[in-house]
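One structure below.
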């Protein structure tokens, strides 16, 4: 209970700071829009786009996500705020969860903008399976966010932090991205899910649960030096 | 079987051992470098006053 | 007298290099212990261990019988520990909530008044002068009335007004029974406030005991004794 | 003493390899469908196995480090990952050459190939991160955490194989098929060669671990000189 309350406190503080400075949202949003525009020049036919749309979207999310995650713990560095938080009653696990929550909200906002632009540029109607699509987005985004928070914490004091984070998280995200891409592709091409596709949903859930648990477990190790 | 098949097998074996050999060379070079560094730093640690300005 | 802080045989390593070596130290409840020593002697590392920011490899550390992570001491390190893009009020609200005080809003308002920032409470810290930041940091450190205070070089880089405020806060904290450990270079100030002194050299504790009258008259005495 | 063990292990590996090579080329016939090229399997699969085993040995050492704070465990974990990575690369390269002959392509995004590649990328990231951290205690702590995340991810990647259409030959080893597809004479050489490659890996790990200790000694002497001066 206390962990959740503290996590919400951190998430709220981070979102308030982000809304004020817009450091990562501006960068991530601009990046997503530019990539989508560039891709709309590269691909013209709408049939083709339904095949690769899922992959395109999730790669944009993963890359824009890295911009958000890099700031996540780096935001605590000026004035040694990270030390202050760790010396307070707040547990490292709640700190990581709070950061993941803030990442999750920011990334989802970015995803919403991206998919609207995607729909307009590529003339794809993505609203037909909006319920399932939201579920897939939420599950996939949480997985990315929790890993982003953990490895944001892990790399926060390293040289070349901005470079190190993507090198580490992208390989780890492969199973999640494969599953999310497969499902998104399916939902965009207007097919309904077969039992076989539920396996991908299951993979997303397993990924989220396993890595959230691992993050809680290792938060102390990662943050207390 | 055909000679081409055999050539590729030869390349495969060659590549495998070449990679391992390459790693052994990297390992040996790193070992030599570490040894040199250790000697240098030992010298500094035993006479800190002479090297105080070189840090 | 009960011990507020108990360190027993604490070792902290950076690789094979020991930054803190076999430190055993008891600090009585209600006392104020000045941690002395040269730069790099291990003062900051020791304070970070007590604040629960650093782990250690051997020994045990307890604050009122619990681990440093659970003791929630008031900690003031080298940085001021407040957010540049939040206002003074938002900062104190946030840290009051994190510290789980009963009425975060009124406590925050009270402390803003106390450190003389009531008029600037809705300004962003980014726009503050150095003195204002330091006073906000003091409010942040003391606002949950901690039973143990860990202050790392608190007098360095403080301006006169903040030094006066800190001294007042320390006196008041001791009056309510709080235990204080502070590391410092400023021997004269330290000797006036401290009831106990501890000297660290190369990670080892060289001296720990009460601050004597002789030390008050001659702050450099301890250093010369252990030279 | 440590060096003698390393040299002994390497010598044993060399002798065993010489024997295996003789058997492979002089005794075993070509395979009916694939011809001579199938012999790559004797290196390809053991390299994959040694790599995979290595990552989980490194996981064990990482967990051990976190509970014991003994740097030997950290050194072992780092060494094992590095050596495993070498064999994983051997695995990928030999597999690619085999695929060029049998499938006519160097690479395909098959599940097993993908997961092997992902594995290499994860642990490559592990080594890159180690280089970016100078303070040994912090390095040991953070890389142990990364190793745990990496290994769990490898398991998830590997599990998702079943759900992905696959082009890779199915299992041929006894313990996975529950009754051999492989000729007993071939299986015999296969396991002997696995042992040989494992011995090479152990020898390399021993040398590498020693270097890690030396590096740590250098670091602590530097810090000592730094504080003394």
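Brief remarks on what is shown
Should a chain be cited, it is by its letter among A, B, C and D, assigned in written order, with residues numbered from 1 in that chain.
Here is the rule we go by: a residue touches a chain if its C-beta (ideal position, glycine included) is under 8 Å from a C-beta of that chain, and two chains touch if they have at least 3 such contacts.
Given the structure is predicted, the values throughout are model-derived calculations rather than measurements.
The chain closest to the protein's centre is A, with centres computed as averages of CA atoms. With C-D and A-C as the two chain pairs, more C-beta contacts join A-C. With centres taken as mean Cα positions, subunit C sits 48 Å from subunit B. Centres computed as Cα averages put subunit A at a distance of 38 Å from subunit C. For subunit D, the set of residues touching two or more other chains reads 137, 217, 224, 226. Among the residues of subunit A, those in touch with two or more other chains are 225. Listing the residues of subunit A that touch subunit D in their complex gives 147, 150, 154-155, 157-160, 164, 167-168, 170-172, 174-175, 178-179, 196, 199-200, 203, 206-207, 210-211, 214, 218, 221-222, 225. The touching residues of subunit C, counted against subunit D in their complex, run 13-17, 40, 57, 202.
Subunit D contributes residues 30, 34-37, 39-40, 43-44, 47, 83, 86, 89-90, 93-94, 97-98, 100-101, 200, 204, 207-208, 211, 214-215, 217-218, 221-222, 224-226, 228-229 to its touches with subunit B in the complex. Remark: subunit C residues 48, 51-55, 69, 72-73, 75, 77-86, 90, 94-95, 97-100, 140, 150 touch subunit A in the complex. Residues 1-2, 4-6, 8-9, 11-13, 15-16, 19-20, 23-24, 27, 30-31, 34-35, 37-38, 41-42, 44-45, 48-49, 51-52, 55 of subunit B are the ones that touch subunit D when the two sit in their complex.
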